[in-house]
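Just so it is clear, A, B and C label the chains in written order, and each chain counts residues from 1 on its own.
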Amino acid sequence: MEITSPRFKQNAREALADPQLQKAMGNVRSGFIDKRQAAVEALPEFDALRDNARAIKDHALSNLDLYLEAYEAKVRAAGGFVHWAETAEDARTVILDICRAAGARTVTKGKSMITEEIGLNEFFEKNGVKPVETDLGEYIIQLRGEHPSHIIAPAVHLNKEQVEADFRRVHDHLPASRDLSEPEALLGEARRVLRAAYFDADVGITGANFLVAETGSSIIVTNEGNGDLTQILPKVHIVLASLEKIVPTLEDAAQILRVLARSATGQDMSVYTTVSTGPRRLDDPDGPEEYHVVLLDNGRSSMLGTEFQDMLRCIRCGACMNHCPVYHEIGGHAYGWVYPGPMGAVLTPALIGVDKAGHLPNASTFCGRCEAVCPMRIPLPKMMRHWREREFERGLNPATARGGLKLWAFFAKRPWLYRLTTSMAIPVLSLFGGRKGRFRFLPLAGGWTRHRDLPAPESRTFMQQWRGREALKQETGGKQGAAR
Amino acid sequence: MSGREAILGKVRKSLGGGPNDAARMVAVEARLAKAPKGVIPERGQLDEKARRKLFVAMAERVSATVRQVKSYDDVPKAVAEYLRSRNLPAAIRVGADKRLAKMPWATQKALSIKHGASDGDDEAGVSHAFGAIAESGTLALTSGGDNPTTINFLPEHHIVVLDAKDVAGDMETVLAKVRRQFGKGEMPRTLNFITGPSRSGDIEQKLLLGAHGPRALHIIMVGG
Amino acid sequence: MNDQTPFRPRVGLFVTCLVDLFRPTIGFAAVKLIEEAGCTVEVPSAQTCCGQPAYNSGDRADTKAIAKNTIQAFEEYDYIVAPSGSCAGMLKKHYPALFKGDAKWEARATDFAGKVHELVSFLVDVRGMQSVAARFDGQVTYHDSCSGLRELGVRAQPRALLSTVEGLKLKELKEADVCCGFGGTFCVKYPDISNGIVEKKTERIEETGAATLLAGDLGCLMNMAGKLKREGSAVETRHVAEVLAGMTDGPPIGGRG
C-alpha cells in the first residue's frame, strides 16, 4: 500500500475538514472507552493479569528463537507446514505459491493486519487471485478500495449512509427498492453475500492472535465468526503471523486473553476464540486438508534487544488509539500506513523507516492515556520519545524547529543570561498585551495564535518580583534589628 | 530453509545469546513442560452449584439463552420446544456424539435429524460441549466426527448440550481437561471457545447479533 | 528560637518557566500555601526550565545539561515543589531515567527526584493539609492535566482542598482526564490537531455552566484560556493555587472581558 506518512500534516488537515469522518470519530470517543472501563472495573485482578501478561511476553521475546523452534516442531508433528518469510515480499511469494498449488481462484480472508502490512490483496489481484475480505468492516472497506483506519474496527471512519451507498453500488444484482437504512439490514445483506464466498473459496487466510509453542496451535479471536468460516471451509488454511505472536503455553494465552477483549471492546471474552492445530484429522468430517503457517519477520527481529523491543508485546487490541486524543481528531488514515494511533506511531517508524514516518512519534501530546490503558503496559510515549531522539541525532527534524530549540537551550543552560534576557523582554511583552491581557496575533507565535489567543505576561517576571521582595525584606529586617 | 536460518540467526544476534545458551533452554523446556498457571480470577472459583449459576448468568449476559433440564432424556423435548418457540422448522443437524445419539430422539416424532458436517443449509445445529467456563459464560467445543466444527458456525441457531458437571470455573481447568483427554501438547484440530452468539459492531459501533456465525446460541444444561 | 519551634522544612520552589514569565501570581500563591503548610520557601536563582522542550524534541544532551543545573540548584533542600504536574513529573520521573547508567549522576538524580512534589499533592499528601482559609464565590470546574494525573496521581488532592474553599462549588467536567491538546511544542508543531482537541475541551467546559475553569498546569491553562477567549467565552481561567491561596483579585489568565 502507498505510504503517505511523510505528508501526515496534510492528511491531518484533510481529516479535520472532513465532516463525515468527524461524525464517525464521535462513535470512537463514545463507544469504546466506557465499555472498557466497565469491564476492567468488574475484574479486580485486571492489573495483576496485565503484569503477568507483560511478563509472559517478555519471557517469550527473550527466548524467541527457542520458542519458534519448539512451535515449528509441533506444527509439523500435527501435519502442518511452516514457512519462514524474512520480508513482505517473501511472504507474498510463498502465499501465492501455496494458492497456485491449490489451484486457487478465490481466497477468503479473516481480518488480519499483517496481510495489510504485506499488501496481500493488491498482490493477489495483480496475480489473478480474487481476495474476499469476510470481516464486515474489512469487507466494507474492500468495496471502497480503502484500507483499515483502525486495527480492530477497520471501517470505524465511516457512517451507515456511506456503507449503504457502497452496497447499492456493488450488490447491483439485488433489487434497488430494498431498505438498507439500518445497520441491521446492511449486516444481513453482507451475511448473505459472503456466505456464498466462503463456499467458493479454495484457500482461507487468517492472521493469528497467538501462536502456541507448546502445541503448535494458532489462535484467532473474533466476534463475527468469519475467521472460523474462513479457516474451516476451504481446502487450504494459511495462517500469516509475525514472529512475536508466540506464547509458550495455552495457559499463557489464557492469561493474555483475559486482558485482550476487555481492552479492545470491553467484552470479558470475544465471541469466538479458536485454537487450530494442523489440518483435518482422519476422522474429521470438516476442516482444511492443508494447514500452512507463514512466519513473518519483516523488521521485527531487528527490534529485539533495542529500546523498541517492548513494542513487540503489542497484542493489537486498539485501546491506545481508542483513548488517543490525536487519533480521535484525525482518524487512522492520516497516519499514512497500516498501523495508526500510538502503537502505529511507534511501530511504523520501525517497519518503514523513521525518515518516512517521522511525524508519527512527534504528533503526540504525551498525554500518557495510551500507556495508562495498554494491557501489555507498553511505554508508548517513552518509545515515541526514543524515535524523536533518533530523528534529532540524524538531523531529521526541520531546521527551523532545530534552530529555535538550540537558541532556547542556549539560554536555558545559562540561568544568569536567561534571567537578564527574560527580565528585559517580559515587561515589554506585558505592556504590549495591554489592558486586554492577551494577544490575538504575535509575530513568530503564529502556530499558537492561528487558533487561540495568547495570554500576555502579567507584569514583571516572578524572579524579578521575588528578588525585589526579598531585598525589601532584608532591608526592613535589618532596620528592625538595628532598632532593637 | 534459508529464510528459517536467516530469521533465527537475526533473532539470536539481537538477543545477544548463542543458540546453545543452556540456561535459556532449561527455562524454556521447563515452561513448556509445566505450563504454569498465572493469575486466576476469584470470580469463577466457586462451589459447584454457585459455579453453574454464574455460568448461566454470564452466558445470558452475552445474549445466549439457557435452559436447564434434569437429564439427557429431557434434551430432545427441550430441543423441539426451542425450535417451536422460534418458529423454526423441526429439523436439526448433529454429529456422531454418543451422548447425543443415546438420547430418546424418537419421542419427538416430527423432528427430522441430519447427521454429519453442516452444509450451510441447516437452520439449527446441535452440538455437545466439551466443557464450559463459568468466569466468562464460555462454551468449549472440540472438532471431530462427534461434533463437527461446521455445526458451530453455519446454522442460524446453534443449540449446545452441556453436562452441568463439565462447568469449570476458569479456562485453565478446561485446558487441563484437554490435556488429559488428548495428551500433553496434543490438540484436536479445532478447539472452539464460544461466548454468546455471533456479533459485529463494525457499522457505527452499533452492536448487532448474527454477523457470520449463528444469530442465536441456545444452551441446554443437563443436571445440576 | 527555642526548642519548641517545630521543624520547618526548607522547600526550594521550582517556579517553572511559564509561571516565571507569564503568571507570577501562581508563584506567589504557591509560596503562600507552602508557608501555610509549615515550611520555609526559598527560590534558587539558578533555575530556568525543567528541560521538557529539549527532552521531548529528542535533544538529550541539552536536556541533561539543564537537568544537571536544576539538580545542583535544588538538591540541598528538604523538598522541591513545583506548581505544575508536568514540570514536577519531569523532575521526579524523567530525570532519573535520563541519567540511568550514569555512575556520577544516576544516584544524585534519584535522591533529588525523591524530594520532588507537585504543589497540591505536596500540601495534601506530604504536609497533611486538609483545608485552606480562602473564599471564592461561584461555580468552578476542574481539568486534570495529564502529567499530574497519570505520572503523579494528582486527582483527589485538589478536589479535597477546593471543597474547603468558602463559597466555591465544583462542577465536575466530563472527560476531565482527556488531554486539552497543549502538549508543549506539540501545539505549535501540529496546531490544527491541537485546535481540534482544545475545541472539544472548551465545549465540555461550557457544558458545565461553571464561570471559572481551574487546573494545575499553566501550559494547559494558557491553551484553554486562549481558546475560550478566542471563542468569546465568558469563562475565566485560573490556576488552582490562586484560588486555594485566596489570590484572585487580579485578572484571570488571558485577561478580563
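Note that a residue touches a chain if its C-beta (ideal position, glycine included) is under 8 Å from a C-beta of that chain, and two chains touch if they have at least 3 such contacts.
All of these numbers come straight from a predicted model, not from anything done at the bench.
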For the chain pair with the highest number of C-beta contact pairs, give its two chain identifiers.
-> A-B
By mean Cα position, the chain sitting nearest the middle | A
Furthest chain, CA centroid comparison against chain C | B
Measure off the straight-line distance from the CA centroid of chain A to the CA centroid of chain C, and report it in whole Å.
-> 31
Any idea how many Å lie between the Cα centroids of chain A and chain B?
-> 30
Rounded to the nearest whole Å, what is the centre-to-centre distance of chain B and chain C, using the mean of the C-alpha atoms as each centre?
-> 53
For chain A, which residues are in contact with chain B within the complex?
-> 24, 27-28, 30-32, 43-45, 48-49, 52, 56, 59, 62-70, 72, 74, 78, 83-86, 90, 134-137, 140, 153-156, 158-160, 163, 183-184, 186-187, 191, 194-195, 198-199, 213-217, 223-226, 228-229, 232-233, 243, 248-252, 254-255, 257-258, 265, 267-281, 283-287, 295, 297, 301-306
Would you mind writing out the residues of chain B in touch with chain A in their complex?
-> 1, 3-4, 6-8, 10-12, 14-16, 19, 24-25, 27-28, 31-32, 35-39, 41-43, 58, 62, 95, 116-118, 120, 135-138, 143-145, 148-150, 152-154, 170-172, 175, 178, 185-206, 208, 210-214
Which positions of chain A touch chain C when the two form their complex?
-> 9, 12-13, 16, 325-326, 328-330, 362-369, 371-372, 382, 385, 387-393, 397, 401, 405-406, 408-409, 411-413, 415, 418-419, 422, 426, 433, 435-438, 440, 445, 447-448, 450-463, 465-467
Which of the residues in chain C come into contact with chain A in the complex?
-> 15, 17, 19-25, 27-28, 43, 45-49, 51, 53-60, 62, 65-66, 69, 73, 97, 146-147, 150-151, 177-179, 181-198, 222-223, 225-227, 229-230, 250-251, 253-257
